[in-house]
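Read through the structures below before going on.
In the two assemblies presented below, chain A is common to both, partnered first by chain B and then by chain C.
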Partner chain A sequence: MQVSCNNVTFVYDKKDPNHYDALKDINLEISKGEFVALVGKTGSGKSTLVQTLNALIKPTSGYTKVDYFIVTSDKKLFKEKMKELSEDEVKKNKKLYLLRKKVGLVFQFPEYQLFSVTVLKDVMFGPTNFNLTEEEAKKVSIEALKSVGIDESYFNKSPFELSGGEKRRVAIAGILASDPDILVLDEPTAGLDPDGKKEIMEVIKKVHEKGKTIILVTHDMDVVMNYAKKVVVLNDSKLVKITTPHELFDSDDIEKYSLEIPTLYKFKKLLVKKGYKKDLSNVYDFNSLIEVLGK
Partner chain B sequence: MKNVFGKLTPYNTVIHRLDSRIKMLALIGFMVICFLPYGNYANRFIILGILFAIILVIMAIAKCSFLSFLSNLKSLWFMMIFLLIIFVFVPQAGDTSSYHPIVTFPNGYQIYYEGLFQSLHVFFRLVMMIALTLILTSTTPPMEMTYALEWFLTPLRIIKFPTQVISMTISLALRFIPTLLDEANKIMKAQKSRGVDYEKGFLTKKIKSVTTLIVPLLSSCFSRSDELSLAMNARGYEPYGKRSSYRILKIGRNDIVALIIVFIIVAAFSTMCYFTQNVAGYDNFLHLWFGIGAF
Partner chain C sequence: MKEAIRVEHLYFSYEKGVETLKDISFNVNKGEYVALIGHNGSGKSTLSKLLCYLLPADKGQIFVDDIEVKEENESLLRKKIGIVFQNPDNQFIGSTVEDDIAFGLENRNIPREEMVRLVHEFASKVGMIKYLNKSPDELSGGQKQRVAIAGILALGLKIIIFDEATSMLDPEGVEDIKKLIMEMKKEDPELTFISITHDIEEAYISDRVIILNKGEIFLDGKPNEVFQKEDLLKSIGLDIPFIMKVKSSLKDKNVQIPNEINNIEELSDYLCK
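Now for the complex of A and B:
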């Protein structure tokens, strides 16, 4: 398993009298090359969970394991786990930046992280932090920028001159340039128009096709339906379901988790409700729907 | 990032319910009597001790957490060392013939007990200041403080001073402190996942990593204020128009009682100040009453 969460629990600010558990006993495994969507209503703990992958947040109890990196604030547990690792791996565990290179985390509204004078320099910032030389960094950055569809005419512009969608793509390129094995995206499509949304999702799809693991936090169920292979549902800080998009949208408890049903499945449900008799269980996209309806 | 002074505590004590104007007046009154001279050091420490006891009682009534008070004091240790060095080792000005030397160096340079007491005295005053402000900030919502400030500024309207604009500016600034802190936190996390280490590194590296925080923060600050001013315009904000207020400050019976108590305390301490400074013999009432000490 590339990523595993083991009994991960997290409490924000224990001393605060009205504190609450942001994560409760989460167990989750993700293997290499998977495309996982993390869904749940606002405040269900999705963002908190993905931050533990990157050691930005350390689980109060339990641990997250990414390859051989152990993330936990439980010192006893950490020591125990260290015993299971080889000497080299223990050494690497002390260098957080290695983990952060491995797990690329794209935050919600990543355009806010741009700070440099030019687009290219901003994208180069990540790779140089991960100890690449100037030239190497430049090379990977240009590649990353091209992969998100930003062409050379933009390289020397100030990132603050760009439009919202462009900024976001530059910011994503900033993460891609460090060549992470696992790409985690927190609502990459929020606030974008349909075209912008599609462009971003195509970039992510391409990255996935290169064999990278994708973990996508999203509210957009159409995105989940079209791209994800596996869905993890969080509700009230707990992990309630690990399933496929198809199964999730076909099941009846989807409304329980305050998730929106994609248009296709809404249509399917409506058909059944109005008395459509044929078997619709194999319908998972519009083509297959048309096929069934046409029979 | 923690608040330097305590956050508002979620209780509903007598102090919480007091009118914010009274609380501010009381704060000023108490601060003044903190800084009055009370004769020699023995007197000063006894009188300030009494004052400190009163402040502790108020803290207990307001249910201020004593722990947060102590944690505020923790940051003062550097100040304390600094004060000690300055007051003890820097030669005393003026007539030192009545001072009590601790040691006399061969070259005639003397270190006095008075220097030690002086630094303790300043430190004690600071501690009380912190306690007082802690009481105010932990029992009064920032908004109420701005209302009080606006009220105190009203006389300036006679000379066409734009008090409403000032108070609006202050309340907006206060309102956005938590928002900006949140934002800074988010940006820091985003940059951390790009490999920035805010804790380690030498000065030059640190300055560089701080720019990665400040530039995005400033830019979002400006865009936020832009949006805010548009939103205010859209809702018809007219800075010099006549405004009414949702919350009207009203003086109740408790407020008057509190005002009288504060007045009595301030009067009592001022009297003590007068006696110890101007009436012969009282500058050292310990000596007068009990025949001890001559500091």
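Now for the complex of A and C:
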């Protein structure tokens, strides 16, 4: 298993009398090459959970494991887990940047974190910090920019001259340039128009096709419907469901966890409820719906 | 006066030679719920900033509740019109939720007791009453956005603009805020609400849709009329509401759906007859 969360619990500030568990006993496994969407209402713990993947947040108890990296603030548990690893792996566990290189995390509104004078320099920042030479960093950065559809004419522009969608693609390139095995994106489509959304999602799809693991935090159920293969539902800091998009939208869980049901499925449910005569069980997208209705 | 906003021949450029807004003119009546849609870069957000005098126009005039939008009137305008943006991190000013909601009120010389009452009332309306003492770093993006919304709604303004203000909220959150706006509109039928959105389904249920394209008004009218123009919308790469899409695809398959069917409830009733 490439990624696993094992009884992960996280409390933001234990000293605070009003403290609450942001994550409660989360167990989850993700294999290499999966495309997973993490959904749940605001404050359900989605962003907190993904931040344990590269140790920006360390579980208060339990641990997150990425390959042989163990992330926890429970020192006793950490020591125990180290015993299961080879000497080399234990050494690597002390070098946090190796984990950060493995797990690329794209935050909400990543374009607000662009800071360099040029697009290319901004993307080069990551790989340079991961000990590549200037020349190597340049090479991988150019590749990363091309993979997100930013062409050469943009390389020497200031990132601030770009549109919102372009900036976001540059920010994603900044993460891809470090060649992570796992790409984690927190709300990558928030605030983009339909075209911008599609561009970003097609970039992510391409990265997935190269064999990378994709973990996506999103409220956008159209994105879940059209791209994800597996859906993990969080509710009130707990993991409540692991399923597929189609099953989730067809079930009643969707209302229970106050997730947005795509209009298509809403309509499908109405038809079923009102006793529509034709079989709708194979309807999962717009074309399949029209196919049945138009017959 | 029935007009909440009047815009006359408005022009704006960020850089010389590139017109972000070109000859924009429209009126918004008091009490209208307007959806302003268009691509990123179409000028929607720029227009909203001009309306609130966060940016000065290059040419043309804007009147908000009959007050001309210009420097001398800035403090008057702040009492009339307010805006909530999409990224909550850029809008959190206070060190706690309570401070943040109070910030705008403090600038208005509202007596302390009244202020405390308003902060509590709106914190509870947006579902953040439990978090009054929390600092922004303990809140999720959506929670911060709720706080920003409460801060503007508490001011009792006549015109409110949401610039993708609910983009970070979960559906329940979006629904809560929609209900809250509708309640406020019921209490004050003259409350004018402008929603800048990419959500075509939301635009479909508004009173009026204004579509901007490349800095110009492309279409302006009732949702039903505007979204009929499928080919025109497609030509600028905009989507149409689900119900319209279904009707038009079925028409291609020679299944005629009567014109008066305008939402999925009605369509499902019709198909199950």
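FYI, the second predicted complex is superposed on the first by the 293 of 295 C-alpha atoms of A that agree within 3 Å, B and C clash if a C-alpha of one lies under 4 Å from a C-alpha of the other, contacts with A are read in each partner's own complex, and residues count from 1 in each chain.
The working rule: a residue touches a chain if its C-beta (ideal position, glycine included) is under 8 Å from a C-beta of that chain, and two chains touch if they have at least 3 such contacts.
Only a predicted model underlies this, so the values are computations on that prediction, with no experimental measurement involved.
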item	value
Partners on chain A (chain B, chain C) - clash or fit	clash
Contacts of A:D13 with chain B and chain C, given as first, second, both or neither	second
Of chain B and chain C, the chain that contacts the larger number of chain A residues	C
Chain B versus chain C as contact partner of A:G43, first or second or both or neither	second
First, second, both or neither for A:L114, with chain B first and chain C second	first
Partner chain in contact with A:G165 - chain B first, chain C second, else both or neither	second
Which of chain B and chain C A:L289 touches, first, second, both or neither	second
Chain B versus chain C as contact partner of A:G104, first or second or both or neither	first
From 19-27, 109-117 or 253-261, the chain C stretch with C-alpha clashes against chain B	109-117
Set of chain A residues, in rising order, touched by both chain B and chain C	18, 112
Chain A - residues contacting chain B, complex	17-18, 51, 54, 56, 96-97, 100-101, 103-105, 107, 110, 112-115, 125-126, 129-130, 160, 174-175, 178
Chain C to chain A touching residues, read off their complex	38-41, 86-87, 89-90, 133-134, 138-143, 146, 164, 167-174, 198, 201, 237-239, 242, 245-246, 249-250, 253, 255, 264-265, 267-269, 271-272
Complex interface listing, chain B residues touching chain A	10, 183, 186-187, 189-197, 211-212, 215-216, 219-220
In the complex, chain A residues that touch chain C	12-13, 18, 40-43, 47, 108-109, 112, 163-165, 187, 190-196, 219, 258-260, 263-264, 266-267, 270-271, 273-277, 286, 289-290, 293-294
